[in-house]
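Below are the structure tokens for one structure; questions will follow.
Residue numbering begins at 1 within each chain, and the chains themselves are lettered A, B, C and D in the order written.
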């Protein structure tokens, strides 16, 4: 047997299903105060970051995940100057935000300094030096606590937090109470964008509940999704606003991108049209959702 | 260990990756003259059809796969009366075609009578009696041979053939020579729609080569894709025509569906907008493709 | 990927370990009144019987499992005339017993007629016609109930019952209460032989507890074991007796086998020496066991 | 899903079979000049050493593997003073040898200094300080080259070399030519003991060929085996000698162990009886072997 195919990452998605990919080499394997961390080289996806057994992003396609997360909100807001990132330890969400010339200030609040330090060292193609940008204020802290203790306003808040796994550190960053806090920190016409879990039908429950939970808090809530190869599924995102979100046309997106000279590999107007045009069955599923995630009624992924 | 989780289907997608799902019960497991066939009950996807180790469709989401394959071509063509299906043994492609009131005649050419008979017996929710429709002419034969021996013209030709696996029965149904034959059997403004393999970036090679091979034969070639949960990937389709394909707007799709009273679960105008709006990186990948599949230069999936 | 390697049997042995082998074809896959049954062709072990997800025996090496189970007891007893088999649905335990010329009568009590019927049809190389032997009385019934309702005496009782899995049908055939019943049905100097679970150190708990439970009931209890390739582990057996068991020497075994003209492939005197000579660490583990399996204190394998 | 069960080691044993166990943490994962090395913590077996994807030994049961390898030869030889170890990087073979009070000198020849250094650092319970013993001469060199260049004689030579994998570093340490060299370095009545691969029937080919290859070189060749849980199989060993090997009885082993005050956990007289008493089918398989491993006719495991 070839030497390199004995170390496998098996991500179970239910008792009845899993994705598996092989790893040629582990670079990091340790437990921080908050979570189990692995950084590994995989043959198919290049370098990967794994937290608590869940792949967070991969060298091969992190541009898809991060461009999809960041640019809709940053382009819909006409002048995104003050930005908050919660989570985002890899530094790639930050990297994408800093491509926008309007940005004056970015606060990034991540719980786990050890993870951020590891990402800075081992994931240089993710952050590409973004951590050194003078506009950045990097805070190591629970995002919820940060919002409770600071009343600063932001034009765009981006949540790049791992999924809510049982006993995971992010459980209370997916509840109505937390989203109410977020709303209060959004400036007028501010936008909240979040990675919002698996959007494939068999595992859409959490995404759908996040969507419905947000709808209790804000009038404008839009789910969108894109296929991320290393996740083996359509990945879901949501933008929400206390104001009215008017989605740009493809041409409008392309014009702003051109005007602001933003260099992108995945996102553009047609990409956006694809992401925001949800299939009929998914729309129906989201429309019929009744579940609300609450501090006292948490929801976790498998 | 729970009793039901010991039988697993492991679909390797490369030497370095696989999807796995468990099976509660095998209903059929045999070799026909042409291929290995399994029909099984899975906990996650319900009943599944597996040919030569590749999942063909699943009870849970076959409506996605089949509606995506059939309706764009059938709705773009203003009067799809004469239809040819190559492959399509489950009968679900046929089922979707028969929803269109214009249809006068369907010829379905499938190589493997044993598979079709098994599908008729074991996959009733797929075909739903379509095989009994009086407009159907069901022929057991190699599709290429059929086209060589018959010069009938069709308004829509739909290819629902398994992927080209090594030594598989479908290898020569993915070549320029075959597509030239198809083109000659298309009526004026006729449309060719085909399932066209994995459209996820790591495994897009075959889809991309099919796209480019078709572009050598016909002036209008459009790739589109949708996420099929039981395939764990974005699945690719192509419509092609010797004439000019003008894609309907979402509103136009919805209007025709309404006028013709076609009952759908997955497809509608917004769904189409999502499927046909490809991400920038995929468009670039397809545009730069140079590979051409030829009878003497075959291409296979892993 | 080669066509035949997508259907895998994964036997988890703990949350942290599993054996897997591929299946080329399922011949039987159904639920009886009592258990989930699969009969399959595997590339490595030939035909296999699987009950509730646990491999019971394989064409490739069932002779090892069955010869090891049957012959020590049948050869130690000078005149084994009346034999009881509990379980043993494959018919191979019966086959081995019938090789002994002293045998006048065999009662076989198996719970699951469906399994026995399937074995008769699909496992001909296991039973080799033994079910037609006129000395056999085949009873479909719970073995415990049978022993409660019948007070017949036997020279040898052989337990060939699946391991005690959670909610499995055999849970109460591994308890002190059951073994007390067995003891009362043994003739003077009668012997009880049983398949007694995994004897590999990491999973020896059940074997060791059976050994200790039997020691509460009978003065002579001997564990022995052999490696069964399709089980991927050293498999444990026990012989026990209300009398004194004197183990034959290798030469004595060989002499009796010769005298009685018993045709064997695995077992002989040297084999017995290997099976009954346990490693020091295993002996220590068994000697220190305190666990007793009781109707009110059941024990199950993973 | 519990956090700790996503990193799996899958050891394929054929295209149709594999063992898998989960790893909680990788301590080392790198390529030396000669091989891929992993040292990991596993839940089931504790710390494990993996070379080129093959588990070499595990904290949980290395005492079985190493006691079985070392003590038969060291006890059969009445005065084992000069010892050669080839391979044995973990230091546990050395540890067992040093338990024998006769030992005056040990030469250990291991190819891969990096592996030895890693073992010294990460496997302290294996070597337990043995590397610091003043009787040790540790040489980093190919064992074959060493034997070619040195004509020293040894009472016992122990080969603790990884299995011959394709392109692996140990291929030419399993050939007739190499064994001829070994024979010439054995003192009168010297003994050669070697780990000799999987002894389970489905994968016995290499063991059997080693046995036969040795029989061409020396008059006394004895295979023995023991079940090693972390290997999931009966593991094979061979002792060979240019003289006559008379196996001690169990009582004789126990007496020498007592006299020399050797502290053991696995091995003793009864253990030896079990190891050297091979089942009839295995004996037949070995007796009928015709394959000879030659520098020009290598043999590899899957």
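The criterion applied here is as follows: a contact is a pair of C-beta atoms (placed from the backbone, for glycine too) under 8 Å apart; a residue touches a chain by one contact, two chains touch by 3 or more.
The structure displayed is predicted, hence computed values, not measured ones.
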{"item": "Partner chains that chain A and chain B have in common", "value": "none"}
{"item": "Option reproducing the contacts of A-B, where over half of them reappear, out of A-D, C-D or B-C", "value": "C-D"}
{"item": "Residue-number overlap at the chain B/chain C interface, same or different (half cut)", "value": "same"}
{"item": "Rounded Å distance, chain C centre to chain D centre (Cα mean)", "value": "33"}
{"item": "Chain centre separation (chain A, chain D; CA means) in Å", "value": "50"}
{"item": "Centroid spacing, where centroids are CA-atom means, of chain B and chain D in whole angstrom", "value": "55"}
{"item": "Where chain A touches two or more other chains at once, by residue number", "value": "5"}
{"item": "Residues on chain A engaged by chain B in the complex (per definition of touch)", "value": "2, 5, 14-22, 42-45, 60-61, 63-64, 200-202, 226-227, 229, 232-234, 250, 264-268, 270-281, 283"}
{"item": "Touching residues on chain D, where the partner in the complex is chain A", "value": "1, 3-12, 25-27, 29-31, 35-36, 38, 50, 52-53, 165, 302"}
